[in-house]
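One structure coming up, written as structure tokens, with questions to follow.
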Amino acid sequence: MCECCSGHPDIYLPQMATITKRRMLNGTELFLHLEMDSGQDLRYKPGQFVEVSLAGIGEAPISISSSPTQKGLELVVRNVGSLTKAIHKLQVGDKLGIRGPYGTTYPIEEAKGKDLVFICGGIGLVPQRSFIRYALDHRNDYGKIIVLIGTKCYSMRLFREEIALWQERKDMTVLETIDEAHDCWDGNVGVVTTLIPKIENELPGSLVLICGPPIMYKFVLISLAEAQVPEENIYVNLERRMKCGVGKCGHCQINDKYVCQDGPVFRYSDLALVPEAI
Amino acid sequence: MSKPRVAIFDFACCEGCQLQIVNLEEEILDLIHVVDVVEWREAMSEQSHDYDIAIVEGSITRHEDELRLEVIRSRCKILIALGACATIGGVNKMKNNFDLNDVKECVYGKDAKMPHLNTDMTKAVDEVVPVDAYIHGCPIDRKEFGTVIRALLLGKRPPVPDYPVCVECKAKENVCRYEYNEICLGPIIRAGCGARCPSSNFRCFGCRGYVDHPNVEAAKEVMDKYGLTVEDLKQKMILFGSKQGHTL
Amino acid sequence: MSVLKFTPKQFDDFVSAMLKTGRPVMAPQAKNGRFAFGPLASPADLRLDYDVTILPPKKYVLPQVETLLEFEVCGPCRSVQEGQPMILLGVHPYDLTAILQMDELFRQGQYDKHYMDRRCQITIIALDVVTPSANVFASSMGTATVRSGYDILLTVLKDGSILADVATAKGQELIRLAGSVVPASEADLKARKDVWEHNNAALNKHILLCKPSLLPKILEQNYNHPVWEEKARLCYSCGSCNQVCPTCYCFDVQDRVNWDLKTGHRFRCWDGCLLENFATVAGNHNFRKDRAARYRHRLYRKGKYVPEKIGGQIACVGCGRCISACTAKIANPVEVYNRLLQDTKLG
């Protein structure tokens, strides 16, 4: 073994964590609460993600949904492929490998004193929830908190109880919509952009944080441009194919940016010369 | 946990791919350590209707075969197409390029009128029933057979390459057949064989079928550049390239 | 440090002595009418006159397949370091430049122990080019010769003698095996300078019409240039241009399980941004779906993105391998860059 390598940890080696709670949020999304076996909390910030692995099945990037103000680590996993399917079969007490946290964070410091508008599409609520909870736990540090949530259909809605609690709070505004009408739903129907006019007055001066499926960004950004929100005030949380999570494998690149290192949270004005981003 | 039950069936083919399984040698012991083989005409006399995984070899050329395959499909949870005949129709598909009566006469001569020799257009297995996993090649690659089976046993999508043979050929550091002014189908054929043919100084003739989106236009122009015509290429690939959708 | 002079016989003895140490010596040898790096068995197989190898020596610093971890299925993992001491003999300056770039990329940011551990155990004996290959353009890229980064640099002089420039402690340790060789004379050093001057101009089968340092600027202005579509129309997405490139280092990571279904290993293997599904995620959404966009990405990586990461050095070292490897004959970076240059107004 040569001297120059000693002391460096293996960046590809997962640490074990144990599932302490699990429940299905809907038909395809599983909520997990994990504790690191080392007993030490991961030191993460809202917006970051971890590489989750089940040895033998594979590894995938998953956003952190909890806030560092709470204990443990919360993830939401959608069943879409080999690894995510296997994770769905796990029970309380089972173990997962965790690497990270990786990536950029929401602008928790810069946002102090400012109003926050979260625009969330589908599973995009998952990472946004980290910052929403963080801001609620530091409520005096931030101005207004407005959360817009769009979901494809009624049965896919995430974190229903938590959203209901948020809606009861006087110190935040939560608007929800679903794309397709449903008998049990008397709220807004339409895509998430249809909520934007309702809060238009709040947009100037707010920081707007967006996360959702690839197609959503285009439309939301057009609405925000119409509302004249400066690009410096907009943050997007992007998803790409990932393998290493540490800026080596090249899979997550959008032009010269690495989503795993320079993102996933980007200030929109930094993406002006990154045509592959949106 | 009881072991998954596996049955192996053959349709129109040379049974060469099953032979590859027999030839697994030590690995066959590993295999039967993790699965119960309940039916396999080539290696045992038992038969069973109760199985989880069906491995189907061969292409489908007769109506009775279609019915038999549908029954197999209804009995298994996972259906694996084994070998080029099953995955893409294989050599048997060659006859689709010709009039079927001509084929029959050519093969069987004056016996061609016998009713049991009536066959239809050759179909790959997935032209008849849904297929869960493919083990490509003519014959299959033994190593890949193991990899696919183990992935399926773990509930994983098998890691079958979606890129062309050139990737593996380059990784093996072969001299490209084009450098000898030979045509090779590597750039449009699915990898996974470890570039078996170019590694033995022979062109790839396409036994694993096309990649998902082969650039056929490019192939035509490249042939031109090498002073070869599409007809030349057709001669070269007719063995496996017949009526797979992307035929040049 | 010092420059020594070998006669061909003395050099063979030196190679034999290296082989006797038992350390694997990887060196260029003939393969089916071309050349390839491989384990050397005897000095007679060594081809100091090779033009270019089919694959670059990157296969020793970043192997095609490399185990990262061993594991129990759904259980804990153990880090695996596969590196072993090795002598890489006969590395051309452009390939050395590529390895040095890769060193920086795997070192910077998150330190890649697997790469670095392997790399640290390799001693590099570089070699000035004797025979230019059919498509080399290292002179255009400023990589035809090197002044650092090697442990030993060999230069074959016209009279057949071989100069060895020993630059590091690792090199020093090896050269001890050489027995008694004489130091190079002033005249020898002059002869070596001539080789360098010659190579700095002659390794240029395709001529880049600008300084490489202008490439980032040129690319910046030509993202939507028609050349991307024109070239990519014939692209097979076969990734050959990635595979043979000494500066490509993208990889895939996969798990493989043993027959017991209880143990296995996680490995990384070469990948390439030209391959169709390089950026495809679950649900079949492909973030770089157009051939042209993939084709463009490679040339931007080489000319702009990687240079920005490593302090300006262009990540095409002019080895010409992609030109030869591309069966569609569209991968030539010089052709594309010159074409863009033509259509660019530089302020």
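Chains here go by letter, A, B and C, matching the order in which they are written, and residues are numbered from 1 within each.
Going forward, a residue touches a chain if its C-beta (ideal position, glycine included) is under 8 Å from a C-beta of that chain, and two chains touch if they have at least 3 such contacts.
Predicted, not measured: the structure shown is a model, and the values here were computed from it.
A complete topology is adopted by the chain contact network, contact being made between every pair of chains.
If you compare A-C with A-B, the chain pair joined by more contacting C-beta pairs is A-C. Nearest to the overall CA centre, using the mean of each chain's CA atoms, is chain C.
Put simply, the C-alpha centre of subunit B and that of subunit C have 37 angstrom between them. Subunit C has its Cα centroid 39 Å from the Cα centroid of subunit A.
Per-chain CA centroids place subunit A at a distance of 43 Å from subunit B. Counting only residues that touch two or more partner chains, subunit A has 56-58, 81, 86. Multi-chain contact residues, meaning those touching two or more other chains, occur in subunit C at positions 73, 254, 257. Chain contacts: subunit B has residues 154 touching two or more partner chains.
Across the complex, subunit A is touched by residues 154-157 of subunit B. Residues 1-2, 4-5, 8-14, 16, 53-59, 80-81, 84, 86, 94-95, 97, 214, 239-241, 243-244, 246-251, 253-256, 261, 273, 275-276 of subunit A are the ones touching subunit C in the complex. On the subunit C side of its complex with subunit B, the touching residues are 31-34, 36, 53-55, 59, 64, 73, 233-240, 243-244, 254, 256-261, 270, 272, 275-277, 291, 324-325, 327-329.
Of all residues in subunit B, those touching subunit C in their complex are 27, 30-31, 33-34, 146-147, 150-151, 153-154, 159, 162-164, 166-167, 170-171, 173-176, 178-179, 184, 186-188, 201, 211-215, 217-219, 221-222, 225. Here subunit C touches subunit A in the complex through residues 68-69, 71-79, 81, 105-106, 109-114, 116-117, 120-121, 220, 223, 249-255, 257, 264, 266, 268, 271, 273, 278-283, 285, 287-288, 293, 297, 300, 304-305, 308, going by the rule given at the top.
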